Every structure is written in structure tokens, then in C-alpha cells.
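Can you keep this structure in mind? I'll have questions shortly.
Should a chain be cited, it is by its letter among A, B and C, assigned in written order, with residues numbered from 1 in that chain.
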Amino acid sequence: MLIMGDIPQKRKPHRKEKCMSKTPILKIENLTHVYSKGTPFELSALNGINLEIGRGEVIGIIGHTGSGKSTLIQHLNALIKPTDGKIYLDGKDINESKQSVKEARSRVGLVFQYPEYQLFEETVYKDIAFGPKNMRLTPDEIDVRVRASAQFVGIGEELLERSPFDLSGGQKRRIAIAGVIAMLPEVLVLDEPMAGLDPAGRREIMENLMGYHQETGNAMLIVTHSMEEAARYAQRMIVLEHGRVAMDGTPEQVFSREKELKEMGLAVPEMTELAEKLREYGVPLEGTIYTVEQMRDALLSLKGGLQDA
Amino acid sequence: MLKDITLGQYFPGNTVVHRLDPRTKIVLVLIYIVAMFIAESFASYALMLVVLASAILLSRIRLATVLKGVKPLILVIAITAFLNVFYTSGHILVEFWIFKITKEGIFNAIFMALRIIMLIMGTFMLTYTTSPIMLTVGIEQLLGPLKVIKVPVHELAMMMSMALRLIPTLIEETDKIMSAQKARGADFDTGNLVQKAKALLPILVPLFISAFRRADELAVAMESRCYHGGEGRTRLNVLTMGGRDYISFALAVAVLAGVITLAHFGL
Amino acid sequence: MMDIAIKTDNLTYFYNVDETGDQDIPDVLDNVSIEIEKGTFVAILGHNGSGKSTLAKHMNALLLPKGGTVTAFGMDTKDESLLLEIRRRVGMVFQNPDNQIVSNVVEEDVAFAPENLGVPSQEIRRRVDDALKTVGMYEFRSHAPHLLSGGQKQRVAIAGVLAMDPDCIVFDEPTAMLDPSGRRDVMEIIHKLRYERGTTVVLITHHMEEAALADRVIVMSDGHVVMDGKPKEVFVRVEELDELGLTVPETTRLLFELKNAGVDLPLDALSIDECAKVLADKFG
């Protein structure tokens, strides 16, 4: 079996070292972005964002349409330049020079919404190889990366020589993600990777991604509308509103502020809502509950308590 | 950004200019173009400038917006003007090496630039104040008589309005695909011409595939909404010529006559 | 017969290989027989490629059966002379709003179908205004659709179908590309159509919470109907749904897990309110 660990890595420190390292992989300082500045269409999308993304963190980014999510993530690999503020990758300003921009593009991988619409090569193999090729890796390195990334997203060897356009929507989506994973980015940013898929497809993609994360220890930022999914997979959640960071913390911390979330027009997980209802009915549930498992265990422990008494 | 292109853009409004029958506006623009080509003196340019200015004022569209339409062609205009400055013979003002700047050249350059700019602004006024659908309806009806000689007028008009409908969507899509390929390290700026052309493939292939997919889905959606060609179709907005249309025609003919008279007297 | 909106009788369909092009795995339908009653709200679930979209496209004669028959309000979809009437009475809303809007102005887009049907101008104006008010987009009538949000575009697309004055609307994954607020708006409109206008609604969806709101849920797999019943009856079959690559609402999942842990609970408390009541009785 091929794993990313086999890949010759130039600047990447060893995984253990990486997790221990205290400096954040990304540091966003006072980031502000105004679209069409100086025109009547002027639109301020980000207002002084300060964030630190740790190495190996899995973060869910939440906020409704227009909260600045897309603008924020496109800053992270220098696709959009800040109106004000700085972004540091490993301590270095990514917009400092052409070279630093190029470096940011490969070290921060960005998967857009509906990425299957960007496939263009004749074969799956060639499409996944596009990113590594642009990084000017050797054919051997490219080959290792293509095969390993295809495996991470559950695309079998037999599909590599097929045309991506003959495959199903879910497969295309995974190939497109593999195309970004193949650049072996230290931060993988995904904009709604599960949009439009059926439940099985959603689960598969998330499991593939978590597998990739566990194998490489690389940081992952997932933009999603699904509170449930964010809560299930992320250790940290960032809630954006009006271009500002409204909340930043563990799912527990975020979901404990149920009222504020609702005021922002965001849905809270069904289980959080259920817990609130149950408390109204006098069921003494403790702590913040946001997954089915937590709710089950909380209720069962209550029952245990009842039986003991 | 590609998004800034205003090609075929419509600015909704409810002014006299907006309310004019699209057929009237198309004919007026044609008259305007003819007049612009006949005009060749200060007086006639002044007259045309008054016409253009009143149209812009009446439409309440900001001058800056109208000027923006000229921007993409600024280089062409500059080159035309530049050539006129040096290649017109006449009263020499400055002379160095093989270049001669003449008084006539400067005048010519100014007029030529002004003519192109005014032509563009005038034609853009049509698309700015007429919704693409109304525009196609207008063209369809003006060309209506051609149906007799088996010209597929409705089909052509429908194709045109579909194209107008899809342009903003495809522009947005191009932006997205470009960003996505840049995120995979694609480089569109460096390299020689062949390399640059090759670098466009990752944009063009997905764009074409997506355009075909969209066209396909749109066709199904249109069929679902009972589209079956132009036969028996009615309109939400029926075109009716009113008093303002006839007055505009009269004014346009007067202006054209004025310009021709001025030209006749060499003014 | 009077009360049936859509009826499929041994409907069989397959795509010819050269027709599929670059599409997803071709859907097939194998002897599907269903009846959709007038005025009901029916959700159709199924994994990608289960045949649900193919089934939907038969309801307004976008596809014609290769075996069996489909009738819409008593009209055989194979009868070409009835084509326009079938499409008028059975409207269809698709997944991607960008690919179903035909005009650069909202109200002109909504007018498209009645224009095709040869409705007189004054009547078109009335229908357009009425449809736009129903979906809450009246104040956007002179806007350009491409500048609207996804949810707003989808509402315009629905208005475009409403302007035909249909008796049944088939929604083919209308919320798949929308954010939660857009999704909420579309579901509210569906609810309104069903309860205020008595429109028959067929909703194809991946979202279990949406299906839970329906009167009836049909589950498709590999071109067959595998489950058919009230949401409460269908969602209690948790293990089968999991196997089909589908899922169940979290409330049902919780009750199922508790049941597995030995707590005796009814599985059919679908809504949060019902679920809370059931649990409060047990644990309160």
C-alpha cells in the first residue's frame, strides 16, 4: 500500500515534529477585504479578521452566504490580495513576492465548490497530475503522488487511465479533490466538499478526507453549511458573520451559544435543539449536546441513574 | 476582473428613454450612427453632442457608467488618434525628424476620437436602457417582414436572447475555473505565446463542457415550460408605438436634416 | 381515476449507451407502478443513480416510457397532441436555478411559459405578478436574475412554473445547490402550494428532513420502488435505509440507538417536538 509517508518530502518536517511545533502554520492578521473599492459597488467582505491555524488542526468554517467565508479562504493561498492586513504561512508573508505567492499556492491547497467542473484532462491520471506538474516535480515523484492521492479518495487504479468525464458525479468530485491533495498541501481548504451529494456520497468523502488527515497530519479547513457534519469531524469551529469572526472554539463552546447562532440565522444541530426541548420538559441533561451519540449516552446515563435509585 | 465587462448590460429604469419602444430606439440609433458619419464640423459635432447628452440625462444613467463602455476600446481610439496626428498634411505646427504635426492633424485626431467615442456611447445607450429581451423582440419585429422570404427570424432572436442570458453566467464560470486552476498552480502569465495558449486549455475545456451541459439543461427546462418555437407565442410586454415614439422620430429626422444641411454648407 | 394526478403503469426505461454521453451512471426504471393522488405531497428518495430523476422526467413527458405507460391527469404522455397540456399541468423545477432561467429580467423570465402557451398579455401580467408574490419575489421583478442569490433564483424558477397555473409540480432536487436559508424558503413555498393551493407536489430530494414533511415517501433503488408509505412508516426502517446508502433523520437515529440499548421506544417520533415528548415521558 502506498501512503503519503513514502513520498519524498523536501521542506516538510517529520509528522511528529509538526504536531508538536507551536508556531501556527497560518496566521491571519487584521485581514480586511473590500471589493470594488472606490466604486458605487463597494462591498466590504472582511473586516479585521485575526486567526491562527495550528498545524494538523481540523476546522469547520460556518456562516451563511455573504458572511465572507469564500473571500476568506481565497486569501489563504493568495488568490485574492488583502485590502489590508497580512497572511503568514509558516511565519512568512504570502503576498511578499511572486515566489511566496507560488509557494502558498502549493502549500495551501484550495478545493472550490463543485470542483468536478474543473476537470479537463483526457485521463484521471493526467488530471490529478496537473498540480504536481505545475510544482515541477520529477515524473517519479508525480507518479507516487498521483497514485497515493487517488487511493486517499477511494479511486481505484483501474480508473486512472479512464476519461474523468465518463465517471459518476461522486467519482468526479473525488478525482478533483485528489488533484489538490496531490500537491500535498500542509493546509487543505475545502469549500463545501459535500454539496449536492447523496448521504452515502457525503459520508464517503468525509471519511476519505479524515483518512487523509490522519495519515498526513496536515491541517484541514472545511467550509460547510451542515452544523451536524462540522460538529462530527472538526475539533474547532469558526463562525463568521458580516466579515468578522463571531465565534471561535470547540464545537461544545460554539453550540453552547445556541441563542446567538439562531440570531445569526444559522441552524443549530438537531440534537442541540432536542436537548433544549428536553430541558424545558424537565429532563436534567448536562453539558452541551450536539451529536446522536452524546444524546444517547446522556439519556442512558440518566436512565442508569433512575434505575440505581 | 472579467466581471467588470459591461457588454450587453441593461440598467433597469423607468425613464422616457427606457419606455421608448425598442423598435424606435433601434431606428434612432441607426439614424444617430448615420448622422455621426455625416457630421464633420464643430457645429454638427456640437449638435450631436447635445443629442447624446440629452439622451444620457433623460435616461438617468451615470455618465461614468456610459464612459466605462468606452474603456476597453481606449487603445484602439488612441492609436487612431495618434495616426491622425502624424499623417494628416496641412499647416505644420511642429516638425522633428520625419514627423510633422499639423493643425489639421490635431483637429482630425480629436474629431476621429470623438466620433468613435460618441458612436460607442450612443450604441451603448441602446443596450443600457433596453432589456435584452425587449431588444430581441424589437429586432424580431423589425425583421418580421423577412419571414416571408423564409428567414428564421424568431429562431435568430431566441438564439440572441439566450446568448445574452448565458454571457454573465459563463463569465462568472470562467472566473471560478481560473481561480480553481490557479489554486492548482496553473500559470497564465508567463512563458511564450505557445506556452500561454497551452495554459488556456485547463480553462477552455471545462468551460466548453460546462457551456454544453448548461445548454442541454436549459433546453430541457424550456421544453418543460412549453416552449415549442415561435408559433402562437404571445408577449408579456406588447410593443406599442406611442406619442413619445413619434416625437422622437420627428426629432431624429430633424437632427439628421440639420447635420446634412451643415455638411452641405461645409460647416 | 378522478383522484389520481400521476400514474405509472409498469414503467420501464433505459438509456441507450450513446445517449448517456458524459452523464452519471445511467438511471434505469424497471416495471415501476405508482399512483400519486391529487393534492398530496410525495417525496421520492434514493441514492444517485437509483432512477428517481428518470422517473420524474417521465411525469411531464420529457422522457417517454420504453415499456408500460405514464398518465398525467388521465392523459397518456405518449399522445403527442396532448404534450403541451401535459407540460402545462405538470410543471417541473430543476436542481440548478442558473440553468432554467431564460431571461435577463425576472418578470420576463416568469412570463416565458404563458407566452409559449399563447396566453393574452393582460392575463400574463396578472399571472406573473401573482406568481412572483406567491414566492415573495415581487419587488425583484425588474432585477437581473444573475445578480440574485441561489435561493432567490430558485424562487424565480418556481414562479416561472407557477405562471403556467399547473396542477402538479415536480421538484427535482430543488434545494441541492442552496444554502440553509434558501432551502428553508423553497420548503416554505412547497408547503404553501400544497396546503393553500392544493397543488400536487412531487419532491425528489437527498434531505431526509425535507422528506419527513411529506404526506408520503417513496424510496427508489436500482430502478425499483423499494419502500412506499407515510414518512413515519418509512423512516423506522433504519437498517434498510442505511443499506441503501440513505440515512434517517437524527431524531429517528437517536430513538433507534436507544432502542438498541434496550430502551423501549416508538421509532416514529419524527419531529423534534414529538421526539422530545416521547423522550420526556421516558426520562423525565
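Couple of notes before you dig in:
Throughout what follows, a contact is a pair of C-beta atoms (placed from the backbone, for glycine too) under 8 Å apart; a residue touches a chain by one contact, two chains touch by 3 or more.
Only a predicted model underlies this, so the values are computations on that prediction, with no experimental measurement involved.
Chain contacts here are complete: no pair of chains fails to touch. Across the assembly, the mean Cα position most removed from that of subunit A is the one of B.
Computed centre separation for the pair subunit A/subunit B is 44 angstrom, with centres defined by C-alpha atoms.
Rounded to a whole number, the gap between the C-alpha centres of subunit B and subunit C is 42 angstrom. Averaged C-alpha coordinates give centres for subunit A and subunit C that are 31 Å from one another. Residue positions 165 of subunit A each touch two or more of the other chains. Residue positions of subunit C with contacts to 2 or more other chains are 22.
In subunit B, the positions touching at least two other chains are 209. Residue ranges of subunit C in contact with subunit B, taken from their complex: 22, 60, 62, 84, 87-88, 91-92, 94, 96, 98-105, 107-108, 111-121, 124-125, 128, 142-144, 146, 160-161, 164. Chain contact summary for the complex, subunit B toward subunit A: residues 173, 176-177, 179-187, 201-202, 205-206, 209-210. On the subunit A side of its complex with subunit C, the touching residues are 64-66, 165-166, 168-170, 195-201, 225, 228, 265-267, 269-271, 273-274, 277-278, 280-283, 292-293, 295-296, 299-300, 302-303, 306.
Those residues of subunit C that touch subunit A in the shared complex are 22, 24-25, 47-49, 95, 149-150, 173, 176-177, 179-182, 206, 208, 245-247, 249-251, 253-254, 257-258, 261, 263, 272-273, 275-277, 279-280, 282-284.
The touching residues of subunit A, when paired with subunit B in their complex, are 74, 77, 79, 102, 105-106, 109-112, 115, 117-120, 130-131, 134-135, 165, 179-180, 183.
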